[in-house]
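Note that the chains take the letters A, B, C and D in the order they are written out, and that residue 1 is the start of every chain.
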Amino acid sequence: MFDLVIKNGKIVTAEHSYHADIGIFGEQIAAIGTGLSGRREVDAAGKLITPGAIDIHVHLEMPIGNFVSTDDFFTGTRAAAFGGTTAIVDFVETQPAETMLDALAARQSLADARATIDYGLHMTIGPADIAKLNQLAAVADAGCPSFKIYMAYGLRLHDGELLQALQAIRRVGGLPVVHAENWDVITTLMQQHLARGNTTPHWHPRSRPELTEGEAAGRVIDLAEFVGVPVHIFHVGCQSVVARIADARRRGLPVTGETCPQYLLVDDSVYDRPGVAGALPVCAPPIRPRPEQENMWRALADDHLQLVTTDHCPFTPAEKATGLDDFSKIPGGVPGIEARFPLLYTFGVRAGHFSENRWVDVACTTPARMLGFARKGHIAVGYDADLVIFDPEKTVTISPETLHESAGWTLYDGMTVRGYPAMTLSRGEILVEDGAFLRQPGRGNFVARRIQ
Amino acid sequence: MFDLVIKNGKIVTAEHSYHADIGIFGEQIAAIGTGLSGRREVDAAGKLITPGAIDIHVHLEMPIGNFVSTDDFFTGTRAAAFGGTTAIVDFVETQPAETMLDALAARQSLADARATIDYGLHMTIGPADIAKLNQLAAVADAGCPSFKIYMAYGLRLHDGELLQALQAIRRVGGLPVVHAENWDVITTLMQQHLARGNTTPHWHPRSRPELTEGEAAGRVIDLAEFVGVPVHIFHVGCQSVVARIADARRRGLPVTGETCPQYLLVDDSVYDRPGVAGALPVCAPPIRPRPEQENMWRALADDHLQLVTTDHCPFTPAEKATGLDDFSKIPGGVPGIEARFPLLYTFGVRAGHFSENRWVDVACTTPARMLGFARKGHIAVGYDADLVIFDPEKTVTISPETLHESAGWTLYDGMTVRGYPAMTLSRGEILVEDGAFLRQPGRGNFVARRIQ
Amino acid sequence: MFDLVIKNGKIVTAEHSYHADIGIFGEQIAAIGTGLSGRREVDAAGKLITPGAIDIHVHLEMPIGNFVSTDDFFTGTRAAAFGGTTAIVDFVETQPAETMLDALAARQSLADARATIDYGLHMTIGPADIAKLNQLAAVADAGCPSFKIYMAYGLRLHDGELLQALQAIRRVGGLPVVHAENWDVITTLMQQHLARGNTTPHWHPRSRPELTEGEAAGRVIDLAEFVGVPVHIFHVGCQSVVARIADARRRGLPVTGETCPQYLLVDDSVYDRPGVAGALPVCAPPIRPRPEQENMWRALADDHLQLVTTDHCPFTPAEKATGLDDFSKIPGGVPGIEARFPLLYTFGVRAGHFSENRWVDVACTTPARMLGFARKGHIAVGYDADLVIFDPEKTVTISPETLHESAGWTLYDGMTVRGYPAMTLSRGEILVEDGAFLRQPGRGNFVARRIQ
Amino acid sequence: MFDLVIKNGKIVTAEHSYHADIGIFGEQIAAIGTGLSGRREVDAAGKLITPGAIDIHVHLEMPIGNFVSTDDFFTGTRAAAFGGTTAIVDFVETQPAETMLDALAARQSLADARATIDYGLHMTIGPADIAKLNQLAAVADAGCPSFKIYMAYGLRLHDGELLQALQAIRRVGGLPVVHAENWDVITTLMQQHLARGNTTPHWHPRSRPELTEGEAAGRVIDLAEFVGVPVHIFHVGCQSVVARIADARRRGLPVTGETCPQYLLVDDSVYDRPGVAGALPVCAPPIRPRPEQENMWRALADDHLQLVTTDHCPFTPAEKATGLDDFSKIPGGVPGIEARFPLLYTFGVRAGHFSENRWVDVACTTPARMLGFARKGHIAVGYDADLVIFDPEKTVTISPETLHESAGWTLYDGMTVRGYPAMTLSRGEILVEDGAFLRQPGRGNFVARRIQ
C-alpha cells in the first residue's frame, strides 16, 4: 500500500515512453508497475508523467547593482512549481571578508526559509576569491561542486585568474559554469556607442556582438582543455558559440552548453519596442536576430547544446526604466522560471524540433546528471518523487496574469501553448493541483550535489 | 505475487544505475520496486542487472559461396544466450524468382524451428531486387523495416541502384544498413596483389585499404543525404569511416555507425600468423593496425559510433584453409556472438573507455531503439523480461572450450575477462543458469519491428 | 635592334604590375627594359600587357554522339585569338584498334593543318584504354603528360579502372584531369524524370544534383590520395565540389580545380527559357542556382580554385533542338573560347572579386605552369612572345555578331564588357590587330608539354 | 650601356626560374634580356639570381628592460647583407610624452646614420598610444602603415584597447602585426613554476604552452574579423596557431602568418643544455618539441604560413646569464638576421620541403608585397637592384666565426649549409663580394611603404 499512486499515465523519460503506474512511498518513487494501489490514487490517463523539471540557472532575490531581482525564494520557487519545475540551482557570492562556507551558509539560510522546492547553489568565484581557492574542497564537500565564473562584469576573472580557478576546480573534481563574454571589448563598444549618442536599448545587442560571445567561449574552452577540466557554457544564444562547443565535443572534450527560452523564442526586434518595452528584454548575452532561433533549436536537437535553463533574473518595468537614457545601466535579466517547461513542449516537441524524450532530457535529466542531483531528473525506483503530471492538451495563453512570477511582465506575453502541468509533485507531496499552490514556504531543501 | 522477482541487484540502464527489485509476470517486467515478492526469487545482491544484450548484425547458417556459416539458429542463439545476448537481427536474401515476403517466410520458418532467443531479420536488397522495390512496404509491414545494402561482393548495388534502393526505403520509413566498401577498387587491388604472387592472408587488408572503407561510407552518406533518408554504417573499423560519420552527424544528418569486437581488440598482425591461423581472421572490412583500436574506443565514447555488433559469421578452420593459396577465396567472417557483452565490460568499462551505462547503451539500448525493438533493450515496466544478471567479479578466460560457438576457434582465445553473465533471461524464462542452458530450440520468436 | 618592341605598356603578371618595354626577337621575348627600340614599335601607353591567355579545356571539331562540335581548329583558334587566348589544350581519344600514339598523331595532323595558335592535347583514358596503360610513358614523352578521365558518359571509368589509370599516370609523372560526376546516379535520375514526363531542359540540372558532382570529386580525390598522384578537377560549378577541393588542399594534397564563365556569370534560370533557348545552355555539369556564382568567384579569390577554362564545346541551335523532347539527348556543351579573358576582367577585376594579377594568374600563368607549358603564361625573357595588348577601356557588347565563334549564339549575349584585347601576338607574330585577323590556318604548333 | 650587368645567371622569382642577363642602371633594374653589356659585368654562370631577401621582423639596438639588443643598425644590417638580406623592417616605440611622428623621426635618425641596407619601421601601439590613435593616419602617410601590437609584456593591449587599435588601423588601411600570446595565463604559469622552485630555462616553454599561443592568435583573428581588418601573426612556432590561421584563410579572411628559423630547425631540448647554454635560446614564443618543426615546414609549403622572418633580437651570453636563477628574467630573443636565407635554401629547398621559387616567395617576394615595399622583392624592370648572386654549391658551416652578428653565439652553430650568397647588391651597389663588405654605414635608406 503506497502513500500515493499515479495511475495510467504515460511515463516519459529521456530515453523512453511507456505506460505504467507509479507508486510513491514517503518522498520517493517506491515502485513502477501495473495495478498499483495507494492511499491516494491520481488518475493520469491521457497525461504524460515526467520527472520534475530542473532549472540550473536562476537568480532569486539576487542583488545586482542597486537592485535586487524581484522574485524571492518563495515567489520564485512557487512560480517554478506552477510550471513543472521542481528543482533549481541558484548562486552564492562571497563577500571579501567572508569565507565561502559562511557565504554558503548565509545563502542557504535565506533560501531554506522560503523555498518551496529543492534547490542547489553554485559557488561564484570572483576576483576576490582567487585568494580563497583552497576553500573549494570544503565547498564541494558541502554539496556545491559547481562554480560560477564570470568573464564579464565586475566579478569577471582575468585570464590568469581564470586559469587558477579552473586548476582549483579540477583539483576538487568540480564543474566550472561560465558566463562567457569578452567584457573588455563589450565595454569599449558600449563607450563608443554612448559617445555617439546611441543610448537606447537598440544599441544593447550591438555592443555585445556574437563574436564577443564566441571568442570568450572559445577562450575558456581552450583554457579548460589545457587544464584538463570540463566546462559548461551558460546561456548560449548564437551559432558563434555553438560552433566552438560542437568543435570541442567532436574532439572528445567534456564541454557542454545550454540555451534559454529567450534565445529560442524571441528575436532582437524586441529592443526596438518603444519606451520601457524596449528596455525590458535587456539581458546578457543579448537576444539575437531571428535566424539564431533556428540555430539554437537545431543545436539542441543535434546535441551541440545539452540543456535548457532560464537565467531567470527578473526586474520590474520601473527598475528597467532607470536605464532608458543609457542602455548600459538597465539592470540585465529576464523572467522565465515558470514557463520554460511548457514552452519547450509546445515550441520544441509539437513544432517538431525534437521528441518528447529529448524534451525531458534537456529540461530534466541532463540538468540533474550534469549538476549532480543524484536522485532527481529521472523516473525510477529510489528517485525522489519529483514529478509532473503534464496535460498535453491543456491550452494556456501566457501573460503576466496567467503566470505567478512577480516581475509583472513576460517576454512570452500572448504566446499560446498547448500542453501544461496539471499537477506538480515534490518529494511525494502535491505542490500544485487544479491551479492552486498547496504548500508552505520553507518546505524546499538544499540538495548536496556530487559531480561524477 | 510475481512469477519471478530479481532481488537486490543494481539495475544498470543506458542512463542510470540504481538498486531495486524487478518483478516479472509472464513474459514482461511488471514492476520495479522494493520488497517485491514472487513465486520464485533470485538474489542478485552484488550483481548488475542489465537489459538483455542485442546483436543486430549476425549471420547464422548463412550460405556464402560454397559454404554455410557454421552456427545454425540453435547453436548460434544458444551461444548468444550464454554471453548475455537475448535478441539478434539476422538477414534474409531473396532468390530471383521469389517474392521478398516468400523469402522472409522461408527464413522465418528456418529460424522459428531453432532459435532460442527472439530475433529480427534485415531484408537484403541485391541487384535482382531493384525490380521488387515496390515490395518494400509489405516487408516493412511484416516487421522488417531495415534493409541491408552491400556496396561490395556479388550482391552489391551500383550507385544508381543504390539511389533507387534508398529512395524506396525512404518511402516506407525504413532504415538502410550498409556494408560500405569500394568493391571495384578492392577487386582491382586483389588482382594486382595476386598477379604479383601476393597470395597469403597478409595481403587481405592490403587489398582493402582504409580509404576504400572511408570513400564508400562517404558515398552512401552523400546519397542518403540527397535522398533524405537515415543510414547506418555496418562494421566500422577505421578512422577514415569514423571521420565521415562524425562529420555527417555534426551537420545534423541521421547517420549512425557500429563497430565490432574484432576491431576493438585485435590488430592486423593476426594476418601474419602462420598457416591457417592467419586465414582465420579474414573478414571484411579487415582488421586494422593497432592505433585504430584506440580510435574505435574513442569513437564509441564520443558517440561518433553508436553501437557494437559482432558481424558473427563463423567458418571452420578447414573451410578457411581452402583459401590458403589465394586470400581472396577465404570465406570471410569471424565468430563473436557469445563474448561481445562481457568483452565490452572488461575492455570498455573496466579499462576506463566508458561507463557501465554507456556499455548498456551501445550493446543493448541503442540497438533496440535504432532497429525498432519496441519492448527490448531497456529495463522498465511493460518491457520484455529479457535480462542479464551480470556478475562483475566472475572471471573467465576465453577459449573455444569456454565458449559454445561451433567454429572451434575464437579471435579472443586466451583473453581473460572479469565480469560475466551469471544468469540470462528471455521473456521471463531463465535460459542460462549456473553454466547450463535450460531451454529448447524454437522458443525464440520473430519480432516484428517498427522504426520510428 | 629587336624585331618588335611593345612600348610604354603596363606589364601585368600573376604577381606584379610594372611599366616597361618588351623587346621581341624572333618568336620570344628577348628583353624587358626601358627605351628599347625595334624594327617595329607598338605604342601600348594606357594599355595592359598580359601573357597570352591559355585555355586548357576546349573541344574543337570533336565528335560527340551524332554531332561534331561546330568550331574546327581554325575557327576555334581564331576566335580564341580575338579574345586574347594564345594557347589551348584540346583532347585526343583513341579508337579500340589504335595505339595512343597513332591517335595522337592523327589528332595532331588534323590540328596542325588548321590551328592558328599553339596547342597541346590531353590524352583521354577510356575503358578500352585500360589495356593500353603501358603506352602512357610514350604518350607523356610525346608531350602529352595530362590524361583526361571521365567519371560520366560512355567513356567513364569504373572505380577499379580509375584506380589503374591513376596508378599508371603516377608512374609517368602525369596529371589526371577529371570530369567528375556520378554517372550511375545521374542516369537513374534522368530515367526517373523522363518516366514522369519531365522531358524539358528544366530537368537537366535536376538530374545532375550538386551532390553528384561533389561525391564524384570527393571519390577521385580519395583515390588520388591513396595512389599518391595529383588530380585536377574540371569545370567546377558548385560549392559541394569546392568544399572537397579546399579540404584536400588544406591537408596539403596536390589537388586543383577550375571553373568556367558559364558557372560564374549565368544561373540555372536559363534552362527555363522557352523552346530551343532553354536547350542551348545544356552542358555538364549543369549551370547552378545564382548563389553558386558568388561561391565560384570567392573560390577563385581564395585559391580554392586555381584557374578558369571554358570547356568550349559548341553546338548549333539546330543540333541542340534535336533534344527538345528529351533533355538527355541534347548535345551537351556551350561556346566560350573567345570571351573568357575579357569577361574575367570586367566581372572579376572591375567587379572587385580579385586583382588584375589574380586575373592573369587564373587565366594565363597557372594554366601554363600546371599543364607544363614551359615557355608560356608569363612575361619574362626567354618566354614565347605570346602577348595581349589589353585596352582596359575598350567597351564591347557581346553578341554572336561581335564574336567569331561559329555556333551562332552565346550565353553572354548582351553583356557589356569594359576591357578587351587591342592586339594579340603569338610567338612574336601579330595575330589580331584592329579587329582583323592577320594570319593563316596552320601556323599554330603542337606544344610538347612536361609536367614538373 | 648599363652600369652593371649580371650575366648568365638563372633568375629565380617567386613563380618562375629562367636564364637571362640583368642590366642595372643607377639603382634599378633597367633591363632583363640576353647579351646585355655594361660598364661592369659579373658572370653568374651556375649561380641563382634572387631578389634581395627581406626580413620584416628584426630588433636592432632595441632597449628591452635593462638591456639593448646587441646588434646596432650597422652591425645588424651588415650581417644581414652577408646573408643575402637587403631590406629589413624594425620597430618604433613612442614615449608617453612624445608624438608618434617624433618617435618615428628619432628612430629614423638613429637608423639613417648606420644602416647599410634599406629599412622600414613598424609603429608600435602600446597602451599609452591608445590616446594617440588619431596620429595613425600621419604615421601611415609617413610610410609606416604596419602597426605592431603586443598581446604580451608590459606593452600589451587589453582586448578593448586591441579593438580600438584594430579599428584605427582599419581606418588608415594599415596592417596590424601581432605578437600573440596570452600574457595573463603565461605570467600565472610563471609564478606557479617559480613558486615551486622551477627556475631553470627548462621551465620557460612550460610557462608558455602552445595553447597560450593558439588562443591569443585565435582571439586577435576573431577581433580582426569583427573589425574587418587584415591581421598578420608574428613568429608562429606551433600547430595550435597554424590551425587557426589556416581556418581563417579557408574562410577567405585576410589573415597571414610567419615562422622563423628557430622554429624550423631547433627543438626545445636546447633549454636543457647546461648553464648559460640553456638560457641562450630563450625567446618568445618558445621553441617547441621536434614534431612542430615538421608542422612549420608543411605550413610553409601549404601556404598556411606565408613568410619567414627572424625576430632577430640578440643578447650576449653575459646578458642571458643574468636570468639563470629565474628564467623569467632572461632577456628574450635570439640572433638570426644573417643566416636565414641560406638556411632556408639548404633545409627548405634541398631537403625537399618546397621549391626554389617558394623559397624566394617566403623570404623575398611575399614579405615585400605584404608589407608594401613597392619596388623590392622581385626581379623586374623598374624594381630596385637589390639582388643576391647565390652560389648553390658554396658550402659553409655556420658558427659565430663565420657569421658577422655581434652576439657571439648562434643557435645554428655547427650546421652545414650548401648554398650561400656569393654577392649581395643593394640598389645597384655591390655590398658584399668575396666575403668582404664594401660599403659604409649610413648608405641604407628609410623606405616609405604603402600597403595595398
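Brief remarks follow.
The working rule: a contact is a pair of C-beta atoms (placed from the backbone, for glycine too) under 8 Å apart; a residue touches a chain by one contact, two chains touch by 3 or more.
In this text the structure is predicted, and so the values were computed from the model without any measurement.
Shared contact partners of subunit C and subunit D are absent.
Looking at A-D alongside A-B, one finds more C-beta pairs in contact between the chains of A-B.
Centre-to-centre spacing of subunit B and subunit D amounts to 59 Å, using the average Cα coordinate of each chain. Chain geometry summary: the mean Cα position of subunit A and that of subunit D are 51 Å apart. Taking each chain's centre as the mean of its C-alpha atoms, subunit A lies 40 Å from subunit B.
Contacts from subunit C toward subunit B in the complex involve residues 158-164, 182, 184-185, 187-189, 209, 211-212, 214-215, 218-219, 222-223, 225-226. Listing the residues of subunit A that touch subunit B in their complex gives 11, 13-16, 18-20, 23, 30-34, 36, 246, 249-250, 252, 298, 301-304, 365, 369, 378, 380-383.
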